[in-house]
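Two complexes are shown next, each including chain A; its partner changes from chain B in the first to chain C in the second.
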Partner chain A sequence: MASAPPPDAGPGVPAVEMHGISKRFGDVVAVDGVDLQIGDGEFFALLGPSGCGKTTTLRMIAGLDIPSEGRLAIFGEEVASWPPDRRPVNTVFQAYALFPHMTVEQNIAFGLQMRGIRGPDADRQVAEATALVQLEGMEHRRPSQLSGGQQQRVALARALVNHPKVLLLDEPLGALDLKLRQEMQVELKALQREVGITFVFVTHDQEEALAMSDRVGVMSDGRLLQIGTPAEVYEHPANRFVADFIGRTNLLEGVTESPSAVRLDAGAVVAAANELAAGAPVALSVRPEQVRLHRRGETPQGAPCLDGVITDATYLGHAFVYTVAISPTAGASGTSAGEQAATITARSETGSAALAAGEPVSVSWSPAATTVVAD
Partner chain B sequence: MPSLTPAETAAQRRKRRTGTLIATPGALYLLIFFVVPLGLITVYSFATRTSTGRTSLSGWNLDSYERIADDVIGGIIARSAWLAFLTTVLCLVVAYPFAYYLATRPPRLRARLLVLVMIPFWTNGLVRVFAIRFLLGSNGPASALSEAMGFGTFRILFTPTAVVLGMVYGFLTFMVLPLYVALERMDWRLVEAARDLYASGAKAFWRVTVPLTRSGIVAGCVLVFVPSFGAYVVPEILGGAKTLLIGSYVARQFQAARNWPLGAALSVLVIVSMLVAVAINQRNSANAERTQGVTR
Partner chain C sequence: MPNEHRASRDEAPQVMSTLGTAGTKRSARRLLKANAWFVFAFLYVPIVVLVIFSFNDSERVNVWQGLSARWYGEALGNTQVISALRVSLIVAISSTIVSTVLGTAVALALDRYRFKGRRALDGTVYLPIVIPDITMAVMLLVFFAEAFKLIDTFGPRLTLGVTTVALGHIAFNISFVAVVVRARLDQFDRTLEEAARDLYATPWRTFRRVTLPLIAPGIAAGALLALTLSLDDVVISAFTAGPGATTLPVYVFSTIRQGVTPELNAISTLMLAASVTLVVASLALQRPRSTTP
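Up next, the complex of A and B:
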C-alpha cells in the first residue's frame, strides 16, 4: 500500500524536525531512519510497544542521546550535537526523576536557578508553576511524601516553569492507576491548551495516544510506520502492525484478487478496495465494532458476509464481545489447501438481543469500514 | 490488639529461643574479648600510678584525664587529629573519582575491578607498610627517580608526609567501598533530569550526585578518620621521632613509660571520639534511608 504523504505539520517553522535520524547502540539499531515534523503547539504522541525506539527518539530531542545519523532541528535550529542544558526543551521523565533530596519548591526552582534566575522573579515563577499544577501547600514537602499523582504534577511544574519551547513527556502517566490516569489525560490535554507549548508524548498505551494527541506517530522496531491523526491511524492503518497495534481488530488473511476485492483464506471473495497488484498477500482489517452479527440466513444484501458459529460470548456491561469461528465456505473453488480456521471478534451494544455460544450466525460488515493492509 | 492463641504464643516463644541460641557463641566471644577488656581499660583510667610505675587500683581519681589537657599530650592529640583529617580528605579526593569510575562500568567489569581494590586489603598490612618504607627511603626507587630527574634526593621518610601517605594507602579501601556502594545505588536518571534542567555536567555533579551520595561520603570519612586517628603501625614505621601520634603514645604508656592509667585514659578518649563518629555515621545512614538523600 502506497504510504500517503505525511500530513502537514501546520504553518510556520516546525517545533521539531527530524530527517533520517538513526541511533545505534553497538550493534543494536534503536531508531532507524526517522523522518518527522512536529508543528508548533501540537500535541504529538509517539506510540509503540516497549523497545520500539520511541523513548530513544524522545531522548534525542532532549539531548540525552546523540543521534548516530541524521539532522535534528528545534524551531529551525540544528541541535543534534548540542548538550541537553543548551536545548530549549524540558522533559517529564518516566517515574518522574524528582530530586529526592530537595523539596517540591526546590525541585521546581532547579531549572530557573541553573539559568541564573533567582530572587523575587524566580519565586514568582515557581509560585505560578505550583499553582498551575494545583500543588499549593505542598511546597515544603519532599517527593517521597507525595502520592504518585502529586509527584507527576511536580515533574510537570518543574519542566513547565522554564517555559520550554517543547515539552517532552516519557510515559508520564504510566505509573498511575487507571482512574487517576484517565483524570490526568484530561488535565494534561487541558494544560497543553492553556500553556500552548508543543507536547511530545511517548506512550505504549494506544488508547491514551488516541485520546490525547492531535497526531500520532506509530513506531515499531525503530521505524516510524505511520503518522496521522488518531482517526487516520485508527480507520486507515498503513500496515498490518499499525492495524493490529491500534485498538482491537480482526485481521482476515487473504490475497488480493482485484483492486476492489480480496480472496480470504477462509474461502470467500469479499469487496475491499486496495491499491496492490492482484495476488499480493494481505490482511483485511475489520474492527470488532464494525462487524454485524445476524442469525444465519438474515444477511443483508450487498455486504461482504461470512458464515460462522459463536464460540464465545463475553458480557462487558456496556457491550457483548462475541468470538465467531468462521466456517469455510462450502463449494468455494480451489480453497481447500489454503483454507484456514479464522475467528472474528464482534462487539455489539448490550441493548441488542444476546446471542449464545453455539449459535450459527452470519457476520457482515460495510466494505467502507475495512482496510486492506500488507506487512 | 487481638489476643494470641496459645499455639501462636508458643510459636513466638520458640522463634525467640532459636534466635537467642544462635546468637550465644558470638555474644560470648564479644563479651570476653571486647567488653571485658574495654571495661578493664575504663577502670584503669581512673586508677593511680605509683612512684614505682605500678598501677594502684585503690585511689580512684581523674588525674589521668586532667593530664590529657596538658600541652604535650594536647599537641599529640591535635597532631593526630590533623594528620587523620588530611588522610581523610586525601582519601576522599582520590577515592571519589575512582569509585565513580567503578560504579559507572558495566556490571561484569565492576566485579573484576572491585577484586583489584580488595587484593591489597588481603595482604599483610605490616608487609605493605614496610614496602612503602622501602619505596620512600633515601635509597629507594622514589628518591632515585627524583635524583635522576635532577630534583636531588628527597627526604620524605620519617616525616608527617610519609605517615599521611602511608595511611592514605592503608585506609583507601575503607573510603572506596562505601563511596562505590553509594554511587552504585545512584539513580543516574536524576543526573539526566538535572542536565535537562539546564545544569552543566559540573553543576549536576555538585547539586545532585554529591548530595545523593552523601551517605557514602560520610561513611567513608568516618571509616578512614577513625583508624587514622588511632593509627599505631603506620606512624611507628613511617613516622619519625618528631611525628609522635596518639596511637604510639598510648602504646608507650603501657610499655616504656609504665603509666597504665594515662594510657587507659587516652584509650578511652580515642574510643569515645570513635563512638561519636560512628553515631554520626549511623544517624547519617538513617537519614539517607528516610529521604534517599540528605536533610538540609
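Up next, the complex of A and C:
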C-alpha cells in the first residue's frame, strides 16, 4: 500500500525524494533510513508523536540539518550537502520565527532582498503575498503587535512570496487555539490549491493530518512506518503502531490461523485476511464505528461475533460510545481462552436504540472492515 | 551611614508583612518612602555639592563667595588638563572600539561553538572583572617590561605610553563587553537565524541583518560600559602610563595631593556631565525604534 501512487503526483520528477536518509546526533538516531517520494503539487503530512524524527526530516529538506547518510533530491537535484540559502524551499517555523526588529512588510520582503530583488518588482510581489494572506493594512506593524493568527499569516506570506518549489511547515497550527486552528486548516488547504506549491507539513495531530493532506507519512522512532492516503492509513494501517496512533481503534490480540482467519485470545476464530504465516502473533484492528452491537441471540449470520457485557455507555450527542467487556468464549478449544478479558469500544449513531450498561450484548463487524496488524 | 541605610531597608518589608492593618500599612509605606528619599540623598547630595561648588567664585573650596564659571575657564585654559583630557579620550575611544569588537567576538564564540579550550576560556575570560585593579596593574606592568625586553633585542626601543595604557584598558574591557553581550545572546532566539538562512541569507548576511541588529543593544551597553570604565580608571592607567600619557583621572589624582581646588571641582563636574550624556545617549539607542531598522 506504500506503493500506491499519490493522487496529485504528476508524472514528472518528484518534488522531494529521499533514499536511506538517516540523521544521528551523537549516539541518538533521530531519523533512521527514511525512503520517501513526495509528488509535485502534493500536500504531504509527516505525522508522528513528538521525538519521532519528523521535524528533523523536515529540517533536512530545508538544509537546517545535514543528513548523516542517504540521498536527498529536490526536483531531481541532489541537495543533501547544500546550505539552506541555496535550496529552493522555504519554511514556516513552529513559533513563526518572525524578525522582531522588522515590520510585517520588511519580514515578507526579506527573502526577495536576499535574492537581490528590489524596487517596484519586489514591492509588487510583497503586496501580492500580503493580499494572499489577507494582511492588507498591517504592513507597517511589528510582529509583536499582531495576534497569533496574524503572525502565522506573516510567516506564510514571508515564505510564499519567494515562490518556493516546496513549502515546509513545522507544526504550523500548533500555537493556535482550537477554533482558529480548524479555520486555518481549511484556509491552508485552499491556499495550497491556489498557489499549487508542494506542501510538506509536520504535525503530531492525526486529525489535522487526515483532514488536510493528500498523503500521510506516519513516523515513529525515526522510522517511516507507512505512507498512504488518509483513507489508506486509517482503514489499512500497516502495523500496530499506525493502527493505534491514527484515530481510535480496538486491537484484539490473537494469532494467525490461516491466510483467512485469526484466532483471538478472547476465544473465537474470526475471518480476517492476512499475509502472515500461521501462528504469528497479531492484533486485529477494528474501528469503533465498524463495530455493531446486537442483543444476545440476534447475531447476524456469517459475521465474526463475540459475546460481552456493556460496562459503559457515553452519550456524545451525535453518537453513543459503548465499552463492552468481552466474555471468554467456551468455544476456544485447547487454548486457555481469554485469560484477560478484552474490551471493545463501539460507536453508534444516536438514532439507534440506546443500550444501557450491564446489558449482555453480542458485537460483530464486517471482516472487510478490519485489518490484521503485526508489530 | 551605610549601615543605617541597610538596616532601614531590611526592616521595611518585614513591617509590611507582619502588620496587616490599614494604618500600619500606611506607616510602612511612609517608612519605605522615607527610605527611598534617604537613599537618593545619600547618592546624590555629594554630587549636587560638587556641582554647586564648581561654580564657586573663590580660591578656597570650602568658602562660598558667589556664582562664577571662572574655574571652568581656568580648567579649560590649563594645558595640562587639556592634554590629559586628550589622552583620556584617545585611550577611551580606541580601547572601547577594540574591546567591543573582541568582546563581542568572544561572547559569540562562547555562545555558539563547541571548541577545544572552550571551557577554559569560559572560565578565564571573566577573570579581569574579579581580580583587583592593583593586581591587574602590576601584572600588566611586569608583562610590558618583559615584552619590551624581548622585542628590544630585535632593535626597537619601546617605552610605556598611550599605547600601553590603551592595551591595559582593552585587557579588562574585553571581559565586561563579553559579559554584557553574552547576557543578551542568552535571550536570543536561534531559530531567527535559521529563518534568515532559510530565506536565502548567507551566514554573513544573517549576522548583519538579523543577529547584529538584535544583539546591538547589548553591544551598545557593553561599549558604553567599556567607555565609562576606561574614562574612570586610575590604577591601571597610572601603572601602564609613561611620560606624556597622563589621563584625566590620573592627573586629578596627582594634583589632589596639593589639596582640592575649585578647578578640580569644575573638571569633575565636566566628567560627570560627559558620563550622564553617554548614559542618556545609550538609553536612547537601546529604545526599540518605531521606523525602519
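The rule is simple: the second predicted complex is superposed on the first by the 362 of 375 C-alpha atoms of A that agree within 3 Å, B and C clash if a C-alpha of one lies under 4 Å from a C-alpha of the other, contacts with A are read in each partner's own complex, and residues count from 1 in each chain.
Everything that follows uses one rule, which is that a residue touches a chain if its C-beta (ideal position, glycine included) is under 8 Å from a C-beta of that chain, and two chains touch if they have at least 3 such contacts.
Just so it is clear, the model here is predicted, and its values are computed rather than measured.
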Chain A as common anchor, with chain B and chain C clashing or fitting: clash
First, second, both or neither for A:D85, with chain B first and chain C second: both
Chain B versus chain C as contact partner of A:F93, first or second or both or neither: both
Which of chain B and chain C A:A211 touches, first, second, both or neither: neither
Contacts of A:H101 with chain B and chain C, given as first, second, both or neither: both
Partner chain in contact with A:A319 - chain B first, chain C second, else both or neither: neither
Partner chain(s) touched by A:N162 [first = chain B, second = chain C, both, neither]: both
A:V255 touches, of chain B and chain C: first, second, both or neither? neither
Footprint overlap on chain A, comparing chain B with chain C: 62-64, 83-85, 89-91, 93, 95, 97-101, 110-111, 114-115, 158-159, 162
Chain A-facing residues of chain B, complex: 187, 189-190, 192-201, 203, 207-208, 211-212, 290-294
List of chain A residues in touch with chain C within their complex: 62-64, 83-86, 89-91, 93, 95, 97-103, 106, 110-111, 114-115, 158-159, 162
Chain A residues touching chain B - in the complex, by the definition given at the top: 62-64, 83-85, 89-91, 93, 95, 97-101, 110-111, 114-115, 142, 144, 158-159, 162
Residues of chain C that touch chain A when the two form their complex: 189, 191-192, 194-202, 205, 209-210, 213-214, 288, 292-293
